[in-house]
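What follows is a set of structures to go through.
The following pair of complexes shares a single chain, chain A, combined with chain B in the former and chain C in the latter.
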Partner chain A sequence: MTAKSQEALGDSSPLAPATIGLWTAQISSIVRIELRRSLFGRRAILTWLLAVTPVLLVLSMALFPPTARWIADADVRANVWAYLFETLVLRAVIFFGCAWSFMNLFRGEIVDRSLHYSLLAAVRRDVLVAGKYIAGVLAAVSIYLPTVLLSIALTYLPMRTGDAWRAITSGGGLKAAAGYATVTILACVGYGAAFMAMGLFFRNPIFPALLAYGWEFINFLLPPVLKQISIVHFLRSISPVRVSEGPFAILAEPTAWWIAVPTLLILSSILTVLSGWRLRRYEIQYGVD
Partner chain B sequence: MAVYEHSYAPYTGALTPRWSRFLVIPRHAVREVFRSRLLTGTFAISFVYPLVSAILIYLHHNINALSIFELPVRALLPIDSGFFQAYVSTQAIFAFLITLFVGPALIASDLTNNGLPLYLARPFTRFEYIAGKLTVVVALLSAVTWLPGMLLIGLQAYLEGGSWLVRHLPLVSGVFFGSWMWIAVLSMLALAVSAFVRRAIAARAALFGAMIVPSALAAVINFSFRTTWGGLVSFRSCLDSILVALLGSETRVDVPAGPALFSILLLVGMCAGALALRVRAYEVVR
Partner chain C sequence: MTAASGDRIVFEDVSKFYGEILGVNRVSLNISPGITSLVGPNGSGKTTVMNLMTGLLRASRGKIRVLGFGPDEPEMLFRLVGYCAQFDSFPPGMTGFEFVASYLGIYGYSRRDAVRRAEAAIDRVGLTEAARRKAAGYSKGMRQRIRLAQSIAHGPRVLVLDEPLNGLDPIARAEAISLFRSFAAEGLHLIISSHILHEVDVMSDRVVLLNNGYVVAEGGVRGMRDEMSEHPMQVLVRCDRPAQLAAKLFERALVVEAVAQDDGRSLFVRTKDADRFFASIGEVVLSSNLSIESMAPVDDDLTAVYQYLIETGGSVS
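After this line comes the complex of A and B, so read on.
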C-alpha cells in the first residue's frame, strides 16, 4: 500500500485521531467498566472478606482488650497495630488481595474467554492496559484504605473521647494514619503492577506469585543490596513504626522516603509499560491459555 | 440413517467391578497431570530431600565413608524425632506445591464445562466421583510424603538393627499419620476450593491465600492477645502441633494436639460438606 493510499484510508477512516483526549476518554470508560467489576463482581467477594479481617480483629481487641496496658498505653497500641499492619494487612491481605484482583484483570478474562471483546474494540492495547491498571488501583485503594483507616480509628475505641481526640490531633495519631494510608496506597500501586504483569506474562501466574511471596517473606534475611529488590523493603522504609524483624534479621538502613516513593512509582510504571508491550504482541489462544 | 431411526439396546458387555470404578478417574487424570513439565520438575525436585536424608542415614553407619569425607559422626544430624519432623515438614511444602498444580483443576474444569452429568449419568455415584478425584491428589502426595518416609525408616532400621525399630515405633506412626494428616487436609481443601471457585486459576489463587492468610492471622492473634491459641486458625500450625505430638518431639508448638486435631477435623468436615453441596449433576437456576 502506498503512502498516498494510506493517507486516503486514514482520512476516510471512521476512527477518531489518536489524541490524549481520546485516550483519556477511553481510559475513563475502561475504568468505569472495570471498577464496577472489581468492586461488585463475584470475584470481589474474596477481596471484601479479606479486607474485613483486620477490622474484625482490631474491633475484637477494642471490645476485649488483651491487657490493661492496651487501654492505657498509646505506645503499646501503636506497636501492636504496627505489627498487625505489617504482618496481616501488608504481607497477607494487600499482597494476596492484589494478587487476586490484578491477575484477574487479564488472566480472568482469558479464562472467561471474553478478552477478545476488549481487544476487538478500537482501543490501543496499551491504553487498555493503562485503563485496567488504573481501575485495579482505584478498586484496591477504595477497599483497603478504608480498612486501614477504620482499623486505626478502632484502636482508639477503648479510650475516653477527649483522650482519643488529643491522641489523634496532638499525639501524632493523624500523622501516623497518613503514613499508613500512604503505605497502603503505594502497596496497591506496586503489588498491582507486579501482579498484572505476572498475569500477562505467565499462563500460571500463581507460581511466580508464590515465588514473589517467598522472596518478600525472607526479605529480613537478605543482605542490604538484595533487600532493595523487593517492594516490601520500600514499604517498610516509609512505614511510621518499624516492627522488629526478629533476632535473625540482617539489619539494613531504611531507604529515605524521597527515594522509596519515587522508586516504587517508577517500578510500577516500568511494569505497566512492560504489560502494555506484552499485550500489544499478545495473541489469544483460548484453548492453550 | 437418521438419528431417530436408530434403535438402542442396553450395554451388555462386562461391567467394571463396583469397588474399583473410582479408579477410572485417576487412570486418565495422572496421565494428563504429568503433561505439565513444571509439575514433573517439581515432582522430581521433591525427591531431593528424601535422597539427602537417605545419604545422611547411610553416612551415620558407614565408617569408611565418614573417614573419606573426614566427617566426625557428631557433625552429622542425629537420626531422631527431630530428623523425621524436619523431613515431614519439608515434604509438606512440596506436597502443597504439587496440590497447587494438580488439585484446583480437578473439579473446576468439570463444573465449568458442565461435565458432571457425563460422569453421573453412568453407573457412577457422586461419592465415587469425589473418591476418584481425591485418589489423584492422594497418590501424588503419598509418593512424596509417607512412602519415602517409610523407606527412610526402613533404611535406618536395616542399618541400625531391628531393635531400633522396636524402640522407635512412635516415629513410624508419627511419619505415617503426620503425612496422612497433611494429605487429607491438602487434598480436601484443594477439591473444595476447586468445586467452589470453578476456575482453576482462581482456585489456585484461593488455595494460595488459604495457606498464607490464616498463618498471618494466627501470628497477629498470638502477638496482640499475648496467647498461643491463635494457631488454631492456621491449619499449618495445627498440623505441626499434631506432628510434634505424634513423634513425641520436644519442639515448642502453639496449640495442644487435641484442640489442633479438632480444628483439623472441623476443616476437613467443612470441605466434605462443601463438596457434597457442589458436586451435583444439575444445578437448578431460578
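After this line comes the complex of A and C, so read on.
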C-alpha cells in the first residue's frame, strides 16, 4: 500500500448533499452500468433475437413478394405492416422483449446475487429504481425503435427509388413512421414500468407476465370500460393505422391521443413509484428468492 | 442524533424473524470504535446481525443506529459504512477495477474521483496488478480482496466484514489482519465475523458471542473468561516438585483439581478463582522453597470461552 493510496481513501467524503444534482449524477452512473448490461450482457441476446424477427420477416416479404399487389399497391403494404406491427411487433416482440429485460433489471441481479452491491451504495433506493428504469427504457428504445423504422423502410423496398422517396416525404410515410415510433417508445415506457414492478413484487414474475399477456390478448373481447385497463388499448388508440380486430371484437371508440399519452405516462410513473416503495422494503435473501 | 450515539453502533432490543424461524432475538449491543468480532456456530445469527446493521434485512422489532443513522437512510448511512458481504458473486463481465469504480459512480463521485479512489482501494488490498482482469476469473483470495477494496473505496468509518479471512492463504490472512488493525488504528469501527477463533482472539478488541440467535456473551475475551466463575480456569505450571506444589495448593483451597504430568516436571491445575490463585501462588512457592519454571493459563483464550459458552451451553455469571 502506498502513502498516496491511504491518503486517497482517508480523505473526507467529497459527496454533495442529497440534492437533485447528486441524484442526477447517481442516475447517470446507474444508467451507464445498466445500459451496458441491457444492450451487451448475456441476457440481451434474447432481446436482440426478438428485435430482428420483424426485420427479417419484412425483408423476406420485400425480397420474395407474397402477391403482385404487395409490389404495386402502397396501401396494401401499409395495411399489412400495420397488422404486423400490432400483432407481431407490439404484442409479441416489444411485449416479451420488455418483459424479459425489465423484469431482469432487479430479478436478474437477484439471480446473479449481485443486487446487494447497489443496495449498499449511498443512494436512495427510489433513485436506484429511477436509474434502472431510465436505463431500461433507453435500452429498449435503442433496440426496438431501429427495428420498427428499419422494418418500415423495408416495406418501401419493392418500389422504385423515386416513388419510394415521394411516398415517404409527401405520401404520409414520414408521418406514419413518426406515429409508429411514438407508439414504440410509449410501449417501452408503459410495458417497462409494468414489468419492472412485477420483477420486484413477485418472486416468479413469469406468471403475472403471462396473465398480463392474456389480458392484453383478449382486449378486443372486453367491454369498452375494461378495455381501458390495459396498455395496448391506449397504444392502439394512437397507432397511425387502426387494424380490424375481427368479427367478434367489441368495438370501442379509441381514446384521444391527448388523453392516451398522458394516461400512459402517468400510469408508468405510478408503477415506478410503487417499484421504489417495494425496493425500499426489500430484503436480500438470495437463498429464498 | 446524540453525541453518544454518534460514534457508536447501537442495537436496541432487536429481533429478526424469517416467518416463524428465529434469526436473532432481543439483541442489544453498543459498539465503540475498534475491532469487534461476531463469533458463533453456523446459524447463530452473525450474518443476520450484519445484514440488519446495513439494511439488507429489516428488523422485525427494535431499533438500530449506526453512527446515528438508521438502515432506512442508505444515502447517508453508506457514506459511513462499507460492507464486504459473504456473497461470492460479481456483476457479470466486469474487471476488478470496473467493479470498484462503477459502484463509486453510484455514490455520486465524479469519474475522476471514482477512478482515483478505486485505484487507491485496490492498491491498499494489494491487487493492482490483477485489477484489469475479469473479476469472475479471480481466485477465491483475490475475489475476497477485490470485494474488500470495493467496501473501503469510499473511505467508510464503519467496515462490516463477513468472514473476511475465508479463502485466504496464511500469508494473505496475516496481511489482512494487519490491514484490519491499521483500519482500527485509524479510528474505524470494524465488525468482523469469523470461524477462525485464534485469529479472532489475536485481532479483536471485543467479541460478541452468538448462539441460536441470542447474544451469549459480549466484551473482551479476558474479561469474559474471568466472569465464567462456574467454569474453572486451567493452568499449566512447570516446576521442580509438582506433587508438593499440588499438596500446598489443595491445602489452601486454591485449586479444585491438580494432575501431575508424565514428564514429572509439570502440574495441570484447575481453579475456580483465578485471581486468588495467581495472587497466592507466589507465597506458596516461597514458603515451600519450590522453583517454578513457567506458568500459563491453557484456556484463557477465545476457544475456551467459545467451547464453554456455546458447545457446553454455559453462562457468564
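As a working rule, the second predicted complex is superposed on the first by the 273 of 289 C-alpha atoms of A that agree within 3 Å, B and C clash if a C-alpha of one lies under 4 Å from a C-alpha of the other, contacts with A are read in each partner's own complex, and residues count from 1 in each chain.
The rule is short, and it goes like this: contacts are C-beta pairs under 8 Å (C-beta built on N, C-alpha and C of every residue); 3 or more make two chains touch, one makes a residue touch a chain.
In this text, all values refer to a predicted model and were calculated from it rather than measured experimentally.
**Q** Thinking of the overlay built on chain A, is A:I270 touched by chain B (first), by chain C (second), by both, or by neither?
**A** It touches nothing on chain B or chain C.
**Q** With the two complexes superposed on chain A, say which partner A:H116 touches: chain B (first), chain C (second), both, or neither.
**A** Only chain C; A:H116 stays clear of chain B.
**Q** By the touch definition at the top of the document, which applies to A:R124: first (chain B), second (chain C), both, or neither?
**A** second
**Q** For A:R37, decide between first (touching chain B), second (touching chain C), both and neither.
**A** In the superposition, A:R37 touches chain C alone.
**Q** Would you mind checking which one, chain B or chain C, touches more residues on chain A?
**A** C
**Q** With the two complexes superposed on chain A, say which partner A:R280 touches: chain B (first), chain C (second), both, or neither.
**A** After superposing on A, A:R280 lies in contact with chain C but is clear of chain B.
**Q** Which of the two partners, first being chain B and second being chain C, lies in contact with A:S29: first, second, both, or neither?
**A** second
**Q** Looking at the overlay, what does A:I229 touch: chain B (first), chain C (second), both, or neither?
**A** Neither chain B nor chain C is touched by A:I229.
**Q** Check whether A:A178 is in contact with chain B, with chain C, with both or with neither, and answer first, second, both or neither.
**A** neither
**Q** If I apply the document's touch criterion, which positions on chain A are contacted by chain B in one structure and by chain C in the other?
**A** 112
**Q** For the complex, which residues does chain A have touching chain C?
**A** Within the complex, chain A touches chain C at residues 1-2, 4-16, 18, 22, 25-26, 28-30, 32-33, 36-37, 40-42, 109, 112-114, 116-125, 127-128, 280-281, 283-286, 288.
**Q** Give the list of chain B residues in touch with chain A in this complex.
**A** Against chain A, chain B makes touches at 38, 97, 100, 199-202, 204-206, 208-209, 212-213, 215-217, 219-221, 223-226.
**Q** What residues of chain A sit close enough to touch chain B in their complex?
**A** Within the complex, chain A contacts chain B at residues 43, 46, 50, 53, 57, 61, 66-67, 80, 83-84, 87-88, 91-93, 95-96, 99-100, 103-104, 107-108, 111-112, 204-207, 209-210, 213.
**Q** Which residues of chain C touch chain A once you look at their complex with the stated criterion?
**A** Counting only chain C, the residues touching chain A are 18, 51, 54-58, 72, 74-79, 81-83, 85, 87, 89-93, 102-103, 105-110, 113, 116-117, 119-121, 123-124, 126, 150-155, 186.
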